[in-house]
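In the two complexes that follow, subunit A is the common piece, with subunit B as its partner first and subunit C second.
Our next item is the complex of A and B:
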């Protein structure tokens, strides 16, 4: 009963924060000579006008769920994986390499499974390394993971300019993947692929690992109280490495769903903010794996809406970031007020008992 | 009664969720020592913090010398001659005694020499033996407390509030404190002494005010009462008398735990444990006495597998367990109630069920192939809640939402269960109220009668004398000896705790008789 109440509360506050964030964001539009009301109408009209655009929301969500999960997973161990972007690129590189090398020579689904495993393994190795540095040398995982993204980005660039570059040697990108290794589309009339199913499944699996298994239990205990973990026979260092490896694996998987699902090639600067959005998404969801799905949905809607807006009005493309920024800010503020209201309610309740 | 120095009328204090003080009224007379007695959470500290200006009353009035006063801050209180010595001292460790004492009372250019002389004179007046020029951080806790008292005296305090002042002291120091309190009161000052120990109350107080659940439940003169009545007023019912059956010396008992010449020496630091050598039999309670911080926690962690011995070995039922880590020793049936349960024994944000699972994550007790059956854990937790009468609605509430006593019940229940052969209790009753203490002690004796071995670490001597079959005294990481409780007196044990060995004691005695 009280659980349901907190849930409706959460929903109510988040919707309120969403609306307020948009209102504030749109109030800047008159400065650029744009009528905010028509802009709002254009945006929502555009987003929900046809199946294809609505499908795009799911397409945008697909990698965001995964990078959100990646951040959320380490967050449960009280660690910060700021390097999901880098692990995503490693996943992309692994997926594209396997797909290019084997595509067309074997049945497509076998290649795709191999590409998926490669991207997961690649991300996991990078994650594990960060965790290892943390465990072994007590290196600050925040900085190490953040800097690792830069290193990986440049290595990927190097590969794209050399061994992976397209046959024409014109642009910094790979050849297009063989059609047999494209993730199949699952909704007619849209670009939605099997990728979204993989992402949703990943969210459920992560939830299961965290809350239903001893593995996840140990990670959560380590995050909440390292001393108690140690005196319960849990080795916090091992948990750091495990948590980071799994987190990296999830971010790597995002590389696979983007490359084989949407881009069908790897190009420089691909989805360069999928990692940072993931952090915002995870925080907005209080790092709950299922919550990540919903906050990704929100981000997806805003991204697609922003694109529609910048295409059909004079609003600049950066309106997307402005909207995301404000909405996130208000959602975070709403946490504070939700807590206050909860406390006040409790006070009232205890007063009523006398 | 003549005009009281301080009078509280109908003070109530409400925090967000709880009513900490409910219509509390009391009068404190001149030259009187009043003990404020009550269990933890009875509202003793709260009411005094209101008088000292740290908290503000929700309703009620404060009168000092018959005049209504509003005390908004400790400064207001001090101006009226009220000082309070908190449980946790408010001293600047890097500063000298004098600097600490004059802090906030001096302006402009300070004549340190003159101030230091004044402080030293004040200290000598009361025989405190506090070096006025020493750095506070270098002084032992007992002396630091005297610095706090001097601070109050320096401010011309007439009404001195002391919050659990004996909690940090050694037995000998308690005596000195008590005589100061008497002397201070005889000079026409008033003392309010907050405590939950009845022995101290009977020793020092003229009048006793008993609080329970934020209300005053009784007010008695010392000479008209006894500890039994006080206990009843404090907890609302009589205490169960504990009884211990049989002795550990019964022939044919097996050695359960053997610790052989264990030394723990961290790199570039003095040894935390030196040549520890003892054994615990099955069905025995082995007690460790000592002032906190003399290696007790390290001893526990060494036996539990968290601290590796530099040399020596540990045997459980004859099997060498020295190479095993914590997980391995949990599996062998060792339970450990750490003294700081909040930090080492539980995860406050997790549910009771998750806390029950805490130490079992490698045991395959409630999981199959790593998948936890929370339904089984819940069922088990529910049973614990009923068996141990934990005040909690169900297994899903966060452990941190329970009161300290109930948290301890949960931890004790878990460890008693996990430790099928040996249970380590490090200060299991610290900070608990009488009812909860009784409860924990019953569990310890129950485990003993079931044939388990118990290692009991306590700073409460009475607890050790009541429960332990043998007592070892620890001082600076060493055992001062292992004794039969019958051969020990409080005085002897106090000296041992201070590092005076039995041989030195006999020597001293001989010297005295020689003279």
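Our next item is the complex of A and C:
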């Protein structure tokens, strides 16, 4: 019973926080001469107006689920992988390199599997390196992963400007991928590709690893009580490296689904927020892998809604960040009040039993 | 030779906001509060400084606006992390996303869509009479802007306050053993909140340095991770104001070298690698250092027993 109650609580508080966040954000719109009520109507009307736009929610969700999972996974080990953005870029670069080199020369699905493996491996290597620095040199993983993003971004820019640049050498981006290596679309009338299936599957697999395998158990124990873990024969340093490598692999996979699924090329500054949104998504879901799916849905709706809003009214595209920021803020605040209400209820219950 | 002098002058110039941001970070982190909102605070400072200066035509107003806005953001961060006991790193990310949207949105509200980028005159160089005539040192150290001089003056002040005063002892104790501070009748949460506020003021001014002193305009990429570098400098400088100064200068040099190489060109080494230099430096230096004097309760939320 208590489990169901906690879940209902979580849902109610999150919805409340969501609504409050939007209300505060929309209350700024009159400054731009936009009526907030019409804006809200335009936004939600627009998002659910046609199948194509609704499909876009799933498209936006696809990489976000993965970066959310990446943060959630290390969070369970009480580690902070703030560098999902960088691992995502490594995944993008690996996927695009493999796809460009082999696309059209081999059957598409073989190339796609290779590209997927490459992006996962690329992300995992970066993740492992961060975990290695943490384990061997006791480097602050938070700082190192944060900095790695900037280093990787610059290296990606360098590659895009040199070896990966498109044949005309005009723009800082790659050639378009061969059609045979595009992830197939799965819903007619939308841009939704097989990528969303990969993301959803990843969420289920991460849930399975974390809660149904000894590996996941070891990682969670390390996160909850490192001394207890050490006493029961778990080597925390090994778990740091494993957790970070898996986290990096998931973020790298996000690069594959984005490049082969949606963009079909790589350009600088691609999805430059996907990493930090992932952190927000993981936190809204209390780092639960299945919850990540639903909070990604929420972020997806807001992103698509913001795009609709900025196209049909004078509102700037920055409204998206403003909405996401306020919603995240209120969700975090709601955590505090939810906990408080829960504690009060527990107190009452124990008092009643006496 | 002149090239090297110019390079060093530039390095000192670029180190100022990093030192300032790191000093704010030192004060906050000594009380046990990681200021993960620092990137958002820098950005807000850059925005507020630009808006204040552009609208009033006065540099001082710009810096004051940046200071106040930086403080307000820090207060929001402090309120949620200290009083509502939310997670510091997570809250920092939320603040960063929120302020990115907020600054871009309000730039649009205030300035509309300008046909050409709005520019202001950058803060002029203030040569210190007499001292500026000393060869080499005169140009490198004493031909800077006023914010740089103020920053140098703040370093010993922060050092003195943290290590030599009763207030400093309280600040450090909040980070090492908050329970003991509470027993002594001091409100730990208030101390932490105040420290975060002060840190926010420093961060706001540091952010404004980029828009008002460095480029004379505002865009959303103006900070691009410099806040996090200041955060890293605080770590590398061992939570010590003097350490913050030294590492601030080191990162100033690495930034100046990058700018110099890009301007000169022809070195054969791609400019992107130089842009990535400061970030790589943080990674290498954090990995190399064996011993850190981390405040014991850094990042841990203090929950008062009742």
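In the analysis below, the second predicted complex is superposed on the first by the 353 of 354 C-alpha atoms of A that agree within 3 Å, B and C clash if a C-alpha of one lies under 4 Å from a C-alpha of the other, contacts with A are read in each partner's own complex, and residues count from 1 in each chain.
Throughout what follows, a contact is a pair of C-beta atoms (placed from the backbone, for glycine too) under 8 Å apart; a residue touches a chain by one contact, two chains touch by 3 or more.
This is a predicted model, so every value here is computed, not measured.
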| item | value |
| --- | --- |
| When subunit B and subunit C are modelled together on subunit A, clash or fit | fit |
| First, second, both or neither for A:217, with subunit B first and subunit C second | first |
| Touched partner set for A:268, first subunit B, second subunit C, both or neither | neither |
| Partner chain in contact with A:276 - subunit B first, subunit C second, else both or neither | second |
| Inter-centroid angle subunit B-subunit A-subunit C after superposition on A [Cα, multiple of 10°] | 70 |
| Touched partner set for A:234, first subunit B, second subunit C, both or neither | first |
| If touched residues of subunit A are counted for subunit B and for subunit C, the larger one | C |
| Which of subunit B and subunit C A:35 touches, first, second, both or neither | neither |
| Subunit B versus subunit C as contact partner of A:225, first or second or both or neither | first |
| Minimum distance between Cα atoms of subunit B and subunit C in the superposition (Å) | 8 |
| Those residues of subunit A which subunit B touches in one complex and subunit C touches in the other | none |
| List of subunit A residues in touch with subunit B within their complex | 212-215, 217-218, 220-221, 224-225, 227-228, 230-235, 343, 346-347, 350, 354 |
| Subunit A-touching residues of subunit C, taken from the complex the two chains share | 76, 80, 84-87, 89-91, 93-102, 104-105, 108-109, 224-225, 228, 231-232, 235, 270, 272-273, 275-276, 279-280, 282-283, 286-288, 290 |
| Residues of subunit B that touch subunit A when the two form their complex | 16-19, 301, 304-306, 325-330, 336, 338, 343-350, 354, 357-359, 361-362, 367, 370-372, 374 |
| Interface residues, subunit A side, partner subunit C - complex | 28, 31-32, 80, 82, 133, 137-140, 142-144, 146-148, 150-151, 154-155, 157-158, 161-162, 273, 276-277, 279-280, 283, 316, 318-326, 328-329, 332-333, 335-336 |
